[in-house]
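In the two assemblies presented below, chain A is common to both, partnered first by chain B and then by chain C.
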Partner chain A sequence: MAIAVRRPMTLGRREAIWAYVLISPWIIGFIIFTAGPMVASLFLSMTNYDVVNPPTFLGASNYVKMFTQDRQFWHALRVTLTYAVVAVPLGLTFGFMLALMLNARIPGVSVWRTVYYMPSVVSGVAVAILWSTLFNARFGIVNWVLSWFGIKGPAWLSSPDWALPALIIMSLWGVGGGMIIYLAGLQGIPTTLYDAAKVDGANAWHQLRHVTLPMMTPIIFYNLVMGVIGTFQYFTNAYVMTRGGPVEATLFYNLYLYFNAFSYMKMGYASALAWVLFVIVLLLTLLIFRSSAAWVYYEGSLKR
Partner chain B sequence: MRQTLVLGRVNLRGVRFQSILLRTIIVLLLAVGAVLVLMPMAWMLSTSLKEEGAAGQMPPQWIPMDQLTVQIEGRTCYIYDIPVDGVVRRLALLQKKGATGTFVNPDNLEERYQLPVDKGRRVSVVRLHWENYPKALTSVPFGRYALNSLRLVVITTIGVLLSCTLVAYGFARFRARGLGALFIVLLCTIMLPPQVTLIPTFVLFQKLKWYDTLLPLTVPAFFGNAWDIFLLRQYMMTIPLELDDAARIDGCGPLGILWHVIVPQTMPALATVAIFHSLWSWNDFFGPLIYLKSQSNWTVALGLQSFNALYSRKLQLLMAASTVMMMPCILIFFSAQRLFIQGIVISGVKG
Partner chain C sequence: MTKCTLNRRAFLRGSAAVLAGTALAACAPAPAPTKAPSQQPAEQPKVTEPTAVPQPTPVAEAAKVVVYVGFGTGTAPEQIEAHNQLAKEYADAHPGVQVEFITVPWAERLTKFSTMLAGDLAPDLCMPIGVGGCAAFFDEWFDIKPLVDRDKIDLSVFVGRTVEFHTYPSKMVGLPIGAYPEVIFYNEDLFDAAEAEYPPHEFGTKDWTYDTLVERAKLVTLDSDGNNAASPSFKWENTVQWGWDGLSWNHLRDLAPKFGGTPLAVSDDYKTAMVNSPEWLAMVQWSYDTIWKHHVRANSEQGGMLYESSGDPFGSNRVGMWECHSWMTWAYQGWTDLFNWDMGAIPMGPVGKMLTDCDADTFVMCKRAKQHEVTWEVAKWFCSPEILPRLADIWGCVPALTQAGAEWKTKMDEKWPGKDWQVMLDSLKYTFVPNSESWIPDVEKINDLINKAWEILTTGQSSNVQETFTNCNNEIQAVLDEYWKTH
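Coming up: the complex of A and B.
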């Protein structure tokens, strides 16, 4: 400020200084906790760092090993992608259908909304513990409910074939989070569009197909991207409920990375895993973005 | 029914009937779904109040019940309702030989009968075992864990609110060269998987001797996070610039405007950030798992996870502890429902 007294600053200059002072916490944080560690982890990914000994440079050998010799890496990738391909679309569909139903003029809307949203505010270890008891083969109520329909439920979490489906079923309990986002979007669709459709003789199905669905594609798209990214962060449930088992049936990518870094102390290799994960997420996101031109409708944009 | 009729928009009789039918189907579907959605929590609550023997029963017992027993000749005997010569009597089963049992009147031990056991029914009474809660919470130092979790929640929430407000204000209200590019960098970091920075950050905190303290979990909160900055900035953009001008004329500097105009106007968004961050921090498992080693530093999430390993056979205690961990989230949800919905509208749709 001493400078300001001697040589009055231009308004623009002063504004710029204020801007950078205000955002400085983020800039410092970005350098210390994001940019710096990113460079460091790229370096570590080419070493055999194990916390105790100084890292030795290995070049690309971690990556070569991962792609050519590491069976568990491919397995973890398969588990994660399976979950993404099944659980994410299933969650999107259920969330969307729920939102459609709650957008209808039915009694007690706010009560229904509360009931369906509530599971999404609880998460983490308590939920994982609750669901591991619900899936218990002897006293779990999942199999009890199935028994109403004459189905004898499997041993879920202790069965290599059923552990992953169990986690997918469990994920449906939390569709309320997506539902609320859809609901907000549905309420933002101008009623004039429906009126216009009705004038053209559209029935309920036509309105859903040609008005609601196109108008909702940006939100579906958003939920899809977030869902896929989220799958690669999947950790707590797999760690608490199955530890990746039985027989690696639920060895999610993030869990495998954790084991490498913090159980086997292979920090270099884990860094390589992290970078491959980053590239995969980037590619998937780009893929979804590229495909979006074909199916996401943005208001005000001209269709080519 | 009357209400739905009035609300019906289309007047054609057939269409109106159709829409009533449709709504009825929707309500039925929602009701079935609601039962399924609520069942896990209901089971958890009821199990947390059961006696040990009743906790793992199949079919599940929804209302916690105790089976009545009585001490006779140093033995615990179950009480039965059983017909004797056509009259149902309440007797204790003293001994069982094959299908017949020796039943005795607990008030008059001389009065004994030989009766087929399968004709009788064990007597249960509703009893809520509230003592499961103190039992679960004192078997491990839960108070200590809760205190650590609470400290984490409070400190990081303050940190996030402070830093994100400042940064969002900078991005929303000031022009400077390079600011636009930096904002795009910020948006990109939302998509960045945290694993990419995980290991060097861990090593950094270890070198700083912060391992096994709360610092690695609290300090980064004071440097803002991309998602909340984005949300607050979007919200601040909707505040009319005229308000800033009015404050400037009244002699407010940039910080004055932030404090007197922006913060009061941004309250709903700030409340949303505070609530979502508190929930996230309370439930966070990964951070505490890698940074906290000694039990005295554990959070509720870590404590519950080890409790799960130790007490997996005491279902009622496990469910009591899980209920305690979920309860704050549910209470916050019910007391701030409007903010939840609002926050999702801000973050989800405009994003």
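Coming up: the complex of A and C.
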């Protein structure tokens, strides 16, 4: 009678099994709730699907229509890119400047940091309603302040010319989030670098230009990537405050996607829009990553 | 004894299998619906021939009828409480059947409802739902016509043409519960200050037309120096008070029939865009002129300046006349606190026939729900002469039963004395059909396109009505062409 001999498992194999067992809740959740729906949406993007009836396969028709016939697709893309080109650098600059100021040794600095960070934790819809009031042409604080300088403020959210700039101004509300990350980075810069720069005769500007900025580039890089991704996901404020108007002036890409999915019930087309958005964001992120070699400084990295 | 090992390849294979399964499950179609009645174009109104009466579904023990609230009014706390009270009354009177109201915020109504349908969790009833709400998910509603015929429901008891609002050539989607007639709300204080004559309360008088409305509105429209719009010294850039507003919360489709245009914005066979028809262009030109020529209505920017802080344009106390529906019930108290107001008749349009728009609320039964018979009994109870006026009261509308009109007027007189509530009842006599919210292909998309074209004009982006609406017509035609490719 043959007796099966069980070979003892190696330590590495046992560890691998335990590792898979321990991460399996996340993996299962990822497969079911993220990867599965993503694959499903890729399929749906090639169908005519209204949620309530079975999808019918169309092949690449949705994509062809999007690029060749859909004026609103290009318009929404243009609005989103315009917003990104202005709001992202503005947010990076303001956040960085704020962090520099709040990195100084001034009385009550903790309070100021809290005050500037606080807006970042307020929820999206509440912020949108608050800013709708601030931008109110008749009673809003924005026009009230402008009136001090003899400027008659516009009807911000009712004007096709001013609605998008209003949302860009509003984007500064969230710079506190970036500021905190910058602040952490600033406090991680060794003081010895500044001491050495002073010995070499560097003034404050030189220190900022040649010490602070290079040392902060990894943080700027991170905020840039997150900012670009965030602007392409811009939705709540435009949905609550303008619903894409007036005259499509604030028809952001995500808003157009939402309208297709849930107003026009074109879920297949909306899925196609979502995949194009994914590719755009992916390409932009790759571009930023590729450019990082030229301007991001990593201490300890080996330069070839 | 078999050896059981897990290597990376096996794990990845397993994961791939689960992923593929998940994706397939996610891609799986929703339960196939029964053949949806086609949107056969035909004259409105036309009631379909009775079809076979559906076989009664066996009523399960303690059946629960789920009522979806969110397509219109009904989401305020006091309304939710009143709905729950009705549910309790129904359960008390009908042991074994429970009614449960699910209330969804208006902004989430489409996502929530479509998710419920996709998840095979269709509610039994949706109410209140307007004509536009019915149009958005038209194929999802159960045809109640066979049940109406079987139970010999007397449709003559419903007010005006409200039954026709919910009756399509292919099916009847609901019975009228409430109506929201259109009237001219006017600010007596502003009229008195301008020494202008109030709008008449009688409909169809020959001297109350959209032209005379403009002339009267000019007297109430004032600039910051106090000059009215009829004065040569009037500076429209400095306007602080307007004589008329009619399209802030209404759609151009509401106004079109008064100028001879179709309220559908498309042809009767739903295949041709009609917003550049001479009648539509005349209507849009008239509307445009009220802003840029006669200056009696605020443009987009002026409106933004003055109306944003008010709950509604009329509530700004800077609008003399507001053409709107009676769903402003919630604002009456605010208006009364600020100024004296009343209601007047809708003017007669160039078409030469007295026509008014009317919004209406009904119930609809979901086709995919599984207990139509018991749901129908609940719906009939809601439409009974005892319950319907209560529902109308909860929703703030005029009850859709002719016999309930007098009692409604008495109640309104008590609550808001000094107003001529008869104007609202009279407005119901002139409603046009098809309704301005009736089903058309891709209704939401087409409405958005019309709104965008109108915004181009109200914001001053273009002054060319014909070009703007010809472009809009082309865009609508593209939507229609695409729709009919797949339907």
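The rule is simple: the second predicted complex is superposed on the first by the 291 of 304 C-alpha atoms of A that agree within 3 Å, B and C clash if a C-alpha of one lies under 4 Å from a C-alpha of the other, contacts with A are read in each partner's own complex, and residues count from 1 in each chain.
The definition used in the following text is that a contact is a pair of C-beta atoms (placed from the backbone, for glycine too) under 8 Å apart; a residue touches a chain by one contact, two chains touch by 3 or more.
Quantities reported herein were computed from a predicted structural model and do not represent experimental measurements.
In the superposition on chain A, A:138 contacts both chain B and chain C. Within the superposed three-chain model, A:18 lies in touch with chain B and out of touch with chain C [touch as defined at top].
Touch criterion met: A:36 reaches chain B and chain C at once. Judged by the touch definition given at the top, the superposed model places A:202 against neither chain B nor chain C.
In the superposition on chain A, A:117 contacts chain B only, with no contact to chain C.
By the touch criterion defined above, A:90 reaches neither chain B nor chain C.
When the shared chain is aligned, no partner comes close enough to touch A:169: not chain B, not chain C. Of the two partner chains, chain C is the only one touched by A:158; chain B is not.
Taken together, the two complexes place residues 16, 20, 27-28, 32, 36-37, 40, 44, 51, 132, 138-139, 262 of chain A in contact with chain B and also with chain C.
Within the complex formed with chain A, the chain B residues making contact are 3-4, 7, 22-23, 26-27, 29-30, 33-34, 36-41, 43-44, 47, 55-60, 163, 166-167, 169-171, 174-177, 179, 182, 185-186, 189, 191-204, 206, 220, 222-224, 229, 254, 279, 282-286, 289-290, 301-302, 304-305, 308, 315, 318-319, 321-323, 325-326, 329-330, 332-334, 337, 340-341, 344-345, 348-349, 351.
In the complex of the two chains, the chain A residues touching chain B come out as 12, 15-16, 18-23, 25-30, 32-34, 36-38, 40-41, 44, 51, 98, 101-102, 104-107, 112-119, 121-127, 129-134, 138-139, 141, 144-145, 173, 176-177, 180-181, 184-185, 188, 204, 219, 222, 229, 232-233, 235-236, 239-240, 254, 257-258, 261-262, 267, 270-271, 273-275, 277-278, 281-282, 285. Residues 4, 6, 9, 13, 16-17, 20, 27-28, 31-32, 35-37, 39-40, 43-44, 48, 51-56, 69, 71, 132, 136-139, 154-160, 245-248, 259, 262-265 of chain A are the ones touching chain C in the complex.
Against chain A, in their complex, chain C makes its touches with residues 1, 3, 5-8, 11, 15, 18-20, 22-23, 25-27, 29-30, 32-33, 110-111, 114-115, 117-118, 137, 139-140, 300-306, 308-309, 442, 444-445, 448, 452, 455-456, 459, 461, 475, 478, 486.
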